[in-house]
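Multiple structures follow.
One chain, chain A, links the two complexes that follow: it is found with chain B in the first and with chain C in the second.
Moving on, here comes the complex of A and B:
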C-alpha cells in the first residue's frame, strides 16, 4: 500500500530514457516529417503540467510504467495533420486514432532499442482542455519537451525496470 | 464474456471494503450523467491473452475520501498527490483482482491517473465491454472495461 512521501523522487535510469529521445527524433523525422528539437529532459514535479490532448501507452514485463505523449490542442492538430498528410478535424475519430498511432510508434520504436522482454499496451487517448497526467510517486518520471515548427509537445516517461538492467 | 456483472460486484465490494472500508452499492450498468467539476480517471492496461484496460472514473470527493482512508489524513488535508496516489493504488488492486478472472497469460501495466474536468477517455481500436455504476463514500463511481477489437489490425512493436 502506497504512502505519501515528501522525499525526493527516485533517480531515473538513463538507459531507459535515451531510447525514447531517439525514438521521438526518428518518428518525427520519418513519419511526421517535421524537424523536431528535443530539449533538455527534466524530472516531473508538482503541480503537473496541463495539456489538452494526451495518449498513454503502458509497459509491462521487464519494464513497467507508462509513456505519455501530450499536446495543446493547436499543436496536436498541426502535428497530426502533418502526420496524416492532410488536415484533420480534432473532433473526428481519425484525430484520436492518429494521436494514438504517433504514441504507439514512439513507444514501439523505443521498446526495440530497450532490448528487453516487455510488452506495450493498446494506446489510450484523453481529449479535454487542461487535464494532467499524474506521475506515480515511486516511479521516476522524466518530461522530454519537444519543439517543432508546427507546435510543441511533451513526452513523459514514467517507467522503471522490473528486473536489473 | 470474461467477467459477469456478479464477478465485478464481488470484486469491487471486496476491494473497496478491504482497502478503504467503503461499502458500495451497485447501480447496475446504467451510468449516471458525468459529474460536473474535477474528476479523475485511473487506468491500468492489460496485455497478453487479453489486451485491454480497466478504468475507474471517480469524483474529487471520492478521491479525497479514498486518500483519507488510505493515508490516515483528514479529507481536507489530502492534497493532489495523495488523491492521485490513492486512486493509483486502488486501480492497481482492482486491476490485479480483475486479472485473476482473465485467461493466462496476462500482464498488467502500472496505473495511470488522469486529473481534469470535462475530458473524454477512449481506446481507439477497442470496445467498452462492460460499464458498472457504483455508489461508494456517497459518491458515484464508474468502472469501465475495455478490450481490443479482434478485427483491429495488430501493429508490430
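Moving on, here comes the complex of A and C:
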C-alpha cells in the first residue's frame, strides 16, 4: 500500500517579493498620494485575478513571467483620478491608460531592485469580473494585498529567475 | 519655449504638461511613440528646445528614438523620463545622447528640477562666451 504524499506549499522567495512591496510604497507615496498599507504576501490559489480591473506586464531576460496589478473597480477609479490629478471616468480611454501607467511604474521600479538584466513589456489592461490570466505553471504566484482608504488592490507576482540572484 | 513630450501614456503626458507649464511661456507638442515623435519633429522645422522621452513604448522605443534624433541633431536637449532605473540603462541613454535622465515615479519638484538643470546647463556656455 502506498503512503499518500503531501507536498509542502512552495516557499515565498523574499528576493522576488520585497522589490514589489517597496515599489508599491514608492509609487503611491510619490505620484498617487493615497495612503497605502501593504499587507502580508500570500500564495495565490485561484486562477482569476484578485479584482475586476487588471493590468498585466510581462518580464523577459534574466527574469521571466508576469506581474498583474489588480484593482477593485471603485478603488481603480479613485486611485487613477488621484494619480492623474483630475477625475477619470472608468468608461474613458484615459482610465485604462492610467491603470497601465501605474502598473508600469510598479513593475519598472521593482525591476531595478530585482538586480537582474530584464526587460518589461508595454502593459495591457483587462476590465471585467472573473477574467482569468494564464501564468507560468512551474512557479507560485505570490499576492501582495494592498489597502487604501478608497478600496483595495493587489500585486500578483508570477516570475522566476533564469539565473540565481 | 517649445517642448515635445513623448510617452505612450496620455496620463503621464498630462502630468508632465501640468508640471512644466510652470516654466512660463511653454508650447507643448505630444507623441505616443518614437515613430509619431519623428513625424512631429519633421513637421516642426523650427525644432524644439527640449524633448522628454519615455523608454518603453510601442512601435519605436525611446532609446531608438534618441539615436535617430542624434543622427542629425546634436543640439536639441533630450531628457529620458522612464521607469528604467538601472545604472546600465542610464549609461546606455547617455551614450545614445540624452542630456539628462529622470526616473519614474518622480515628484513634480524632481521633474521640474531636472528640466531646469538641463536648460540652465545648456545656457551656461553661451553666457560664458558672451
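What we mean here is this: the second predicted complex is superposed on the first by the 146 of 165 C-alpha atoms of A that agree within 3 Å, B and C clash if a C-alpha of one lies under 4 Å from a C-alpha of the other, contacts with A are read in each partner's own complex, and residues count from 1 in each chain.
By our rule, a contact is a pair of C-beta atoms (placed from the backbone, for glycine too) under 8 Å apart; a residue touches a chain by one contact, two chains touch by 3 or more.
A quick note: this is a predicted structure, and the numbers were derived from the prediction, not measured.
Trainee: Please work out whether A:120 is in contact with chain B alone, chain C alone, both, or neither, and reply first, second, both or neither.
Mentor: A:120 sits against chain B and chain C alike.
Trainee: Which holds for A:78: it touches chain B only (first), chain C only (second), both, or neither?
Mentor: Touch status of A:78: no partner.
Trainee: Once the two complexes are aligned on chain A, which partner has more residues of chain A within touching range, chain B or chain C?
Mentor: B
Trainee: Tell me the contact category for A:131 with respect to chain B and chain C: first, second, both or neither.
Mentor: first
Trainee: Looking at A:70 after the superposition, I want to know if it touches chain B, chain C, both of them or none. Which is it: first, second, both, neither?
Mentor: After superposition on chain A, A:70 lies in contact with neither partner.
Trainee: Between chain B (first) and chain C (second), which does A:139 come into contact with in this model arrangement: first, second, both, or neither?
Mentor: Touch status of A:139: first partner only.
Trainee: Name the contact category of A:61: first (chain B only), second (chain C only), both, or neither.
Mentor: First partner only, chain B.
Trainee: Which partner chains sit in contact with A:31 here, chain B, chain C, both or neither? Use first/second/both/neither.
Mentor: In the superposition, A:31 touches chain C alone.
Trainee: Does any part of chain A touch chain B in one structure and chain C in the other, and if so which residues?
Mentor: Shared contact residues on chain A (touching chain B in one complex, chain C in the other): 93, 97, 100-101, 104, 107-108, 111-112, 120-122.
Trainee: Which chain B residues qualify as touching chain A in the complex?
Mentor: By the definition above, chain B touches chain A via 19, 41, 43-48, 51-53, 70-71, 80-82, 84-86, 88-89, 107-126, 146, 148, 155-157.
Trainee: Tell me, which parts of chain C touch chain A in their complex?
Mentor: Going by the criterion above, the answer is residues 8-12, 14-15, 18, 56-58, 82-86, 88, 104-107.
Trainee: Under the definition above, what is the set of chain A residues touching chain B in their complex?
Mentor: 1-4, 46-48, 50, 54, 56, 58-61, 64-66, 68, 93, 96-97, 100-101, 104, 107-108, 111-112, 119-134, 136-137, 139, 158
Trainee: Inside the complex, what are the residues of chain A that reach chain C?
Mentor: 26-27, 30-31, 80, 83-86, 88, 93-94, 97-98, 100-101, 104-105, 107-109, 111-112, 117, 120-122
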